[in-house]
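Two complexes, one shared chain (chain A), two partners (chain B, chain C).
For the complex of A and B:
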């Protein structure tokens, strides 16, 4: 039983759960992360929009949380660039532009820039992305928002098998593990890139491979390379998720992936265990504190459809007292009612819930 | 300026039925619809082909019509009907005297039914509540309304009938006491057209009153709103009714991969701008859960409201020219108001659309001095698919995909198979829920089909694309790209088109406040921008 004891147990591996686990581990806690699925942000575009950023919390609280997240992402080898105040543009899946605060480095090459000539390169057989559509729209929209830049559509064909129909996921997997595929892709892209300063491709440049490898790919290509958003499965979101998992694992967080949490054991105002449905026998994770960040559904675990939190982010009973002194809520649970584009809130609540959780525990190690 | 014998206003089930009926009689007719097919009440109902069971006690005459029409529609349009059968559940809190009454009345009306015990009922439908006392079987069925309307129009076109969607009638030209023609506007291009005719039939459903006003006459109807929930599951394989005096929320219809629960009933001033309240939705779900407890976990995909246009019974009188019966009324405005050649039809129900059309067409052909007989009960709406085509479809496509596309397209499926043969990558599924291939998508968008789709919503009504759990978030995007790639739209038109389609889909999800669909909607907002910024040329799109 002893092996199932932790300082902080985090439930949920969306953006808030991952941030919470990362925060707790940086506070020198022994951390377990348990999650049924990958969380929904893996489907998203992988960037933090300015609007979200401005909507979330007060400046000092927000900036501290975002700064922590960026540092964690850097250590996890998925560095974010940009500025919290935003004001820079990135293309959307509809070929318009949105104002973005922070985004992975590879996405920033798609930023409209005065005087730049850019090729948008599609892949033959990849039907969920249309380079002609994107180029036509982005030319129009860039003009509208006052940029003098041009986009042209190009298409390449790959001889390697990338599925029928071709998917970005399949390409990304081959990119990760097949050097021959990478050189085929590089050569094809190099041809398409002739006469352009930059080329943009649908997001597909690997899930697991390192930033160094991508940087090397870009160098060999000989021109700036950027990624464009696609329909889910979205590679930037998946890539971020993969790298953060790997980072947390390296930092000593124990990961329980693919197991739904069935029940929170709450005794006399204290959360004493997290019941996990695992194969064979039930698993009970015992944490000095628990951070619940499993999305809106996890409200069921609390027995309430809608939860209020105290200033320390502890869920309250309908009577107005904390359900448990050591139970904290983050993510969608902590910004009730809001329903979209809340990535910055996810980070903010994950960070602060873990901070409170780490501070609240009566130092398990000392007992 | 075109000319025709009869102009039909309204492209719902009734209008389409009339177009087909007239075409069969050899009378030339043109149908004008302000939106796309089945835009009003026809497209916003349960899709229940009534066995008559619901009306046996209160309105035996309507029940008998339903019994007959149920059989006829199953015969003439088998590809539109999922003949699942239905149950009328005997619930413990309902009036047992009503059960007896129902059983006797069903026998009188000629409904084939068996009286099942609670156990027998649960054996057929294991998801039923354990306290159900028993059930009556009946030949209820699900009918795909869009397909039924399309089938009528398509059959009519093959016989020389004409129709124009997105064509709003602006005026009806009346001179010397007779209609002479109508003027309509193509709502997509803004162009105006005129068409001269001998007669005009007003089959505009909820809009009948305003259409009648164009000819200077009154049609007293009132509008009644019904709210329905689309659930992401088929908890029962049969239509589930509650055996009691007809009330709210007591019909669940399995419709393809989803099921539809409804409905409420609420008077509203007009057919537009309908909304559902969360109280209404919760009440409907609660009633559904009483019959099938498992619905507590059902995911609501979408909520929609339709309007029944009911004939205003208060003003019912015995005036000549007014034939009122069976829940629908045919007005001959020549006798009633002195406007020759103008006829209105109001009320009625989907199941009896053909009968309604037959009544109107009898009246119209008499007025035109044409001696003809209604044959719509006997003629198949679409010829059966031949074995060779069927074999070809199964060889080229996975069986479920082949089955669906055959039901949707019938003999036309050959054209889609031809294009897949030429370009195998067109067999790609663009809508995984309704199994729509890229080839089919390009076909319905193309110009060679008799009923071309103009919008992504139109594509949905022809293929059911976007009706599943993603509500168009993924497949709608693909449809947009397809429209762009086939030069149907420019990039900005495509984006605007997708934007308005998506907003329509979002509207139907906006009232859902819990469950997985909330997350699905949130993903859709995330991808395309939640605050309505995706509208192509608003400039707001770019965060300005």
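For the complex of A and C:
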């Protein structure tokens, strides 16, 4: 077999690209994923908001895609749960609450609960997180949305603080690789948690470490622990991206990171190659089917500012025919107006584009 | 090279580069590529004095460049600033030598036995650590008489495709027999090989902040390779870092001189990693697959400069074609060695902390040995684990003969 020939080539590793690659691999396809960056999901909060979920419709197609995504996230050791219909609230670092449909467990632990007394714990020197501001606002906002719960601000200092501004990313990385740091953090949080049922911290509890390790950390802490996503790159977003990436690697997806796709080779109604601008000379990936999930960059690759799709999610020429029988679009390109960040639509389109891509390949082979 | 002039405005400060940086993950004070690259670059371009010791801590692994969603050439900005960084005398002296593995190799191989004896002696290593800040716990690779030559003309004739092999300093001065294995492997796969008469590729010079040296090496290498490339020959490398340098067109070092820059780009476009070349042979159905069945459990580590070439994992797939070879891609990030970086006393701990994840995963995998293309990754893996690390070329060649490694 030719080394760079795949059943499905997925372009882009945002939420739609990762979902597409996961879907295709589940359909027993040989998959390549090529991406220049991690997509915009890592910049967001790492959860799927209710309004976003509602925008994606309520058809069974959506539920199937979301169920698949949750299953994939679970296998990748980054379980997402919640209620597709939404309606549950999670705090934001601006001290407000937003309605969320799906989120990882550590984020759900921050859900407001009647009668709960919660400490919001900040860290001295940590930028982008103000526990006093948040506690003040959340006490007021929780009442407005109908919860009788109280919040108080606490701050901890870490002896390993080097006197330079700390970021959640740095803490998360140390949390992953330094057991002593984890002990230090746990002891400091335990002190701050005295007198409270639960503590909320900025999202910082590791990027790569296992769910088991987090659960053990919580047990040792001795009280409920919730995370709140902070400014980009948000730890929950990065966590999901890394874990899905690793999961796909484990599933045998060939990953090409770091170089943009510069050209799609379309020849007589068939997409025959994906040209990656790697060093020195381009790398050409051949896919029986290609899923284009590169956000705004997708439109540039097609040479059209605005592209319509056929029911099988194939981009159409201005004349109304499919640009290529084996080229499918997902993500920003597939949900109108090429705007990023509509996470539920990303999952929905990624899933179905990959389904169509896998099926088209099968039908072609049968022909 | 990546378009650089406007790249700085592409930086949105998203910090995805910090996430990818191996040093940022283990050093609590390291400011990270976002700060040392685009953030300080804005000030540097305005002529504000921002020189900082931290520039020296950049590995040059290019993981930040690969992670950046907007193609900002982060590490190149850091490398340029590093070239202007002022260092204390002992470290400048050390880095002067580290920037010149070719010169070091030539001197050390006049009397290799004596050099190896001297470099392995405790007092000598103690002195090197005191006077030149070289980590005493590191072992220097043994030097051997540089006796790698192009094969005799008879084997280069016929209808074989002619390629020129760029050996690099490690093969030239430390492991010429690995160079001969490369030639042997290429010949068994239908190529006629000529060994390029070249100097160091210039990666160590860039990494040690010696831009002038890197530029002069780049010019010398362009001069010695361009005729081969013009004659339609492919340049083949077996070292990921040499391959990376050649493919970047010598990292934009020659951009001031159009003629050289064009030639460098042409060389870059004609350069292939040996794994890439053999994979292309395999695709064309021309790979020599007369492997003897073996029974070998390998761990594969992809060097950073291999990843930075954007060629996928040719060696992982090639070795997987050998019957009886079970290969696991360890995929645990950077090894932390980064050429001369791990030899530097003040960076030894950082280097080992970065490698820890890789060491742990290799140990968990319990392979018979580790295969990786980069010589200094091999050194680091052997230093940090109990496993032997070898070049994939050696595995493949042995598989033809059916001899155990």
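Definition applied: the second predicted complex is superposed on the first by the 351 of 367 C-alpha atoms of A that agree within 3 Å, B and C clash if a C-alpha of one lies under 4 Å from a C-alpha of the other, contacts with A are read in each partner's own complex, and residues count from 1 in each chain.
Keep in mind that, in the parts below, a residue touches a chain if its C-beta (ideal position, glycine included) is under 8 Å from a C-beta of that chain, and two chains touch if they have at least 3 such contacts.
Remember, predicted model here, so these are calculated numbers, not experimental data.
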**Request:** Applying the touch criterion given at the start, work out whether A:95 contacts chain B, chain C, both or neither, answering first, second, both or neither.
**Result:** first
**Prompt:** Touch check for A:167: first (chain B), second (chain C), both, or neither?
**Reply:** second
**Message:** Quick check for you: in the superposed arrangement, does A:249 touch first (chain B), second (chain C), both or neither?
**Reply:** second
**Asked** After superposition on the shared chain, which partner residues are touched by A:257: those of chain B (first), chain C (second), both, or neither?
**Response** second
**Prompt:** What is the contact status of A:43 with respect to chain B (first) and chain C (second): first, second, both, or neither?
**Reply:** both
**Request:** Applying the touch criterion given at the start, work out whether A:232 contacts chain B, chain C, both or neither, answering first, second, both or neither.
**Result:** both
**Request:** In the overlay, answer first, second, both or neither for which of chain B and chain C A:289 touches.
**Result:** neither
**Message:** I'd like to know which partner A:177 touches here: chain B for first, chain C for second, both or neither.
**Reply:** second
**Complete:** Shared chain A footprint, chain B vs chain C, residue numbers 43, 164, 232
**Complete:** In the complex, the residues of chain C that touch chain A are 14-16, 18-19, 24-26, 28-29, 31, 65-71, 244, 246-249, 268-271, 279, 282-283, 307-314, 317, 329, 331, 353, 356-357
**Asked** Which of the residues in chain B end up touching chain A in this complex?
**Response** 425, 428, 430, 438, 474, 477-478, 481, 484-485, 490-492, 494-495, 498-499, 514, 516, 518-519, 521-523, 525-530, 533-534, 536, 539, 541-544
**Message:** Under the definition above, what is the set of chain A residues touching chain C in their complex?
**Reply:** 2-4, 36-39, 42-43, 160, 162, 164, 167, 169-170, 173-174, 176-177, 207, 232-233, 238, 246, 249, 254, 256-260, 276-281, 283
**Fill in**
Given the complex, residues on chain A that touch chain B span 40, 43-45, 50-51, 89, 92-99, 125, 127-128, 130, 132-133, 136-137, 140-141, 144-145, 164-165, 231-232, 295-297, 305, 339-341
